[in-house]
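In the two assemblies presented below, subunit A is common to both, partnered first by subunit B and then by subunit C.
After this line comes the complex of A and B, so read on.
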């Protein structure tokens, strides 16, 4: 008998159904139901259903991240509804507007563990694969249904291996690797697939970089993404307070069946950039170098983690943001922000001319940092869809934090290797 | 013919990779009311497209319709605009789930999506597994049982409510 992929094992564990194969539909019982700012929609739906008993309130995690703090009376009312609900129902895993982006917050707090099956009201829930969990996005009705019944139907996906070997050149980062893959495979290149990342490069990268990987896998249509847990993962989980004896690591079998294997050679890669208005519209940064920018945004669940802020600060140290350019830095979480404050990273960014906002989704979700007609933003986020950051007649490019920082200094899209070379010289 | 699950009418066509931010911009997600959302459906593409959307019954689109965000309102806003079904060459997986869960028919049929033009008529029968347009019939694989049950009740939440009312497990 052929071995099993990670997805088969994870769904088998969550459904209690043995011997499942791709294409089969089973009921799975998630370990965690994440809802972000959409939580109020779940609560309203629950009220409509007339149900007040939840399947397992300890599996409910609510994070007020997309609109934080409230921007008007209506969103304030949504937040108030969520707070009141969490209090009344005894939702332990409630994170208010001061916490940061749901995905990052849950991982930092040890709520995401290897082998778990997690659903979230956010497409980038694929990010949980960075810790070896099965994470996938659903709508708010499905989260509400899971609150009540504890389950949802899942189609067992086919799996694709993505193998990245070799080290990256200086100035090239995990984001560049993912943009290259998205550009090559297309916005639907991995639709419905479970993506397993491996190779010597992946083994060597941090959990934060693995988050960038698994987050962006969604932009190829993936159902979930996965990096096999290793010592790097265990060290992260130790810090997050997860007892080792509680871990249930699931690894794919060596003879598991894959729909395809994609290989990418790390050392030959140059910095990449997605140009408007789709994430798979990817070119070398050099191809669009010189494009004038009005705003640079370093934020989002893709690239506003601690190491992302450090990279940006290293590039910006001793420089000033170009006149006429707005540099917005939105740390992914309160913990990350505190660490960056303690280590002087925020000071470096502020001295260069950056404005630091509170942690959360911020400009990526269109809240703060909106553009008017004809403006252009270079963002470290994961989407550049038309109108996502304000005017329908504005443009969004997507890059690594290094490219974003270098471009903020010059005021035009810039290959970060040029600025770093300048510093060294 | 004669199936209670045969719906259709006038078609509006779209290309490939139509994303959720174009279908319903994030700034309107503060609402879950289908009628209110419908006013802003496809707003980035301009008022002419929006007017044609409201005069249509079926969306026909290319590959990867609904890619991007998990926002359920991408399906709800289309229902509010009077759309009864989306026939596409393929769907993003979250949009497909959201469509079924909100009771919007979503059918994957590259051939049917390719065969129609704006203003044509198209009829979909998800029991029979057929799309009819321009005198042609395109078969598609019927929904799995669990999806058929959800659709028959008009979406996931009505389905659960019906099952509770019938004394089903909570």
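After this line comes the complex of A and C, so read on.
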């Protein structure tokens, strides 16, 4: 018998079923059920079912992130319902509108651990693989069912190895790697696959960059994504307050069976841009440089983490946002906002002309940053579908925070290496 | 003549004017926010549609929106941007502050000017010694934009003379709210209200600001503080510096009536629903639960407010049941608050920062309340239905009271909150 992939091991652990193979369907008991602003839907469904006992309330995590704060009396009532429910049921892991984006908040608070099986009402729940957990997106009904029964059926995915070796050139970042992969493989390139990232580049990057990786794996159709926990992971978990003795790291066996192996050479990569209207429509930044912009958005669970803001501030320092361009910066979490405020990153961004909003999903989820007909936004988020940010007749391009910041200065899509070179010279 | 009369006489080309006279005067500034700019531009384009002579007199600030949540709201802003660009109107886009603070901070308002705008709190610019009046959008479109002029009936002046020493814990905002209660809503209809007396003289520019701000609730046409060395020192810090050719000082004593108040009688105040005039001592409503608190709006979001809040919150955190919003009044205030460490200190205490704007005012971009929820804020208005559900409640108070209430989860005097520590 061959060895097991990470996915096999994680689902075996969560289901208590030994010797599982890809394609097999088993019942798994998730360690955490994440639901965001739309938790009110789950609460209403629960009420309809006439059930008021939860399987394990300590596995429920609610984060009010998609619409924060309330935009009208209706959403205010939804928030109030979630607060009331959390208090009545004793939901300890309730994070209100001032907390930030669910994925980032849960990881910062030590609620995501290696080897865990986590479901969330958000397609980018694949991000939990950055800490070596199995994370996957589900619907509201599935979350409600898990609240009550504690379990959810899952089909064991096949696994694909993605190996990235070598250093990236200056001005090229994790986001560029992922956009390149998505462009090469296509939006359905890895449908229902468990994607295991490895290679010398992946071993050298921060947890934040691994989050960008695992988050965007969803855009190739991945069921989940994974980076093997290492010292970098452990240091992050230490900071998040997770005791080392509670860790249950799961590593794939060296002789595990993979459906395919994809390789990408780091050093030869240029900054990438996803052009409208799909994430897999990817080109080198040079191919669309000069495209006029109305708005730049640095936000989302893909790229509004602390190091993303630092990179943006480094590019923007001493510059001003081009006249006629709106630069919106939405820190991914309250903790990230605190770090940015503590060391001058925030001041640099404000002085450069950025508009800093409260932490949360912000314009990525359509709560702000809406565009009118004919407008164009360059965004660091993970989706550029037509009509996602306001008008159906507007355009969204996706890039790294460095490319976004450089483009905000020039008012047109710009290779960040040009602006950085300008600073050096 | 007093300041108002002198400004109107000069701007209408007359040697003198008297209360009750109707004059046509040259307007120095027209200031509009995103909502009034939209309405004004619609009327102008449909009914007037001439070139705008001297468009540099016209200033628009996007403040009710900072980041439009819907395409329809984005369309409003885009319409305004195109209209401003077409005519050469000065535009401060989203994130630069609320209308009145951004207009001052960017050097658009100078002592002696005639300033008009459709926002009802436009008279606040009387703090600089300008004649500032709120007009309707149609007036802007019909006369101010094409001709650079507007007609005014010269108002009679009422002087509010403030003296005495405030008790510890009583802020200028408490005095201002208390005055609305004492004088009464609509009691000074169409008057020019001068704020004077030793108490006013001792205040900084931004604390004086809170008094002309409230004159609309008294029914006043305009309000002013006679320019002095405080005004002049402040104006020198603004872009473009002073405009001495415009400066006017009154040289008569034309007040129709003088209302004298001793600020030593004041204790911390809160304006309760449903109107700004429903003012009570904080102790009378202490204990009322609140779920939202906010420093922002034309009566808040100043550095002074954030400093006061930081003092109250030192060593404390926001009550878990309260969302405490901080909305800087301008980009300059946000940047300075970041440099001073106020952004970090208040964030770590559990408050949340929002882009410089009018914040929850009318809930265009934030601040909607569910029925039965309550907010305490430094905003200028508390009418039912202004923030989401018509069954929600809005209380108005000083930054210190707002911060103390955010800590307690119920309306609280700041000195009680300190005393509880």
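Here, the second predicted complex is superposed on the first by the 425 of 425 C-alpha atoms of A that agree within 3 Å, B and C clash if a C-alpha of one lies under 4 Å from a C-alpha of the other, contacts with A are read in each partner's own complex, and residues count from 1 in each chain.
As a convention for this text, a contact is a pair of C-beta atoms (placed from the backbone, for glycine too) under 8 Å apart; a residue touches a chain by one contact, two chains touch by 3 or more.
These numbers were taken from a predicted model, which means no experiment stands behind them.
Within the superposed three-chain model, A:149 lies in touch with subunit B and out of touch with subunit C [touch as defined at top].
Using the contact criterion defined above for the overlaid structures, shared-chain residue A:44 touches subunit B, although it does not reach subunit C. In the superposed pair of complexes, A:386 makes contact with subunit B only, with no contact to subunit C. Legend: residue contacts after superposition of the two complexes on their common chain; A:366 is shown touching both subunit B and subunit C. When the shared chain is aligned, subunit B comes close enough to touch A:187, but subunit C does not.
In the overlay built on the shared chain, the residue A:375 is in contact with subunit C alone; subunit B does not reach it.
Look at A:70: by the touch rule set out above, it reaches subunit C but stays clear of subunit B. Note: residues 75, 366 of subunit A belong to the subunit B contact set and to the subunit C contact set alike, using the contact criterion stated above. Chain contact summary for the complex, subunit B toward subunit A: residues 17, 19-22, 25-27, 29-30, 32, 43-44, 63-64, 67-72, 75, 90, 92-94, 97-98, 101-102, 144, 146-147, 155-157, 160-161, 164, 169-170. Within the complex formed with subunit A, the residues of subunit C that make contact are 66-71, 73-75, 77-78, 93-95, 323, 325, 331, 334-335, 338-339, 343-344, 347-348, 350, 352-355, 363, 365-371, 373, 388-389, 392.
Across the complex, subunit C is touched by residues 69-73, 75-77, 79-80, 96-98, 326, 328, 334, 337-338, 341-342, 346-347, 350-351, 354-359, 362-363, 366-373, 375, 390-391 of subunit A.
Taken together, the subunit A residues at the contact with subunit B in this complex read 25, 38, 41, 44-45, 48-51, 53, 74-75, 78, 120-123, 125, 137-142, 144-145, 148-149, 153, 187-188, 191-192, 221, 223, 278, 280, 365-366, 383, 385-388, 392.
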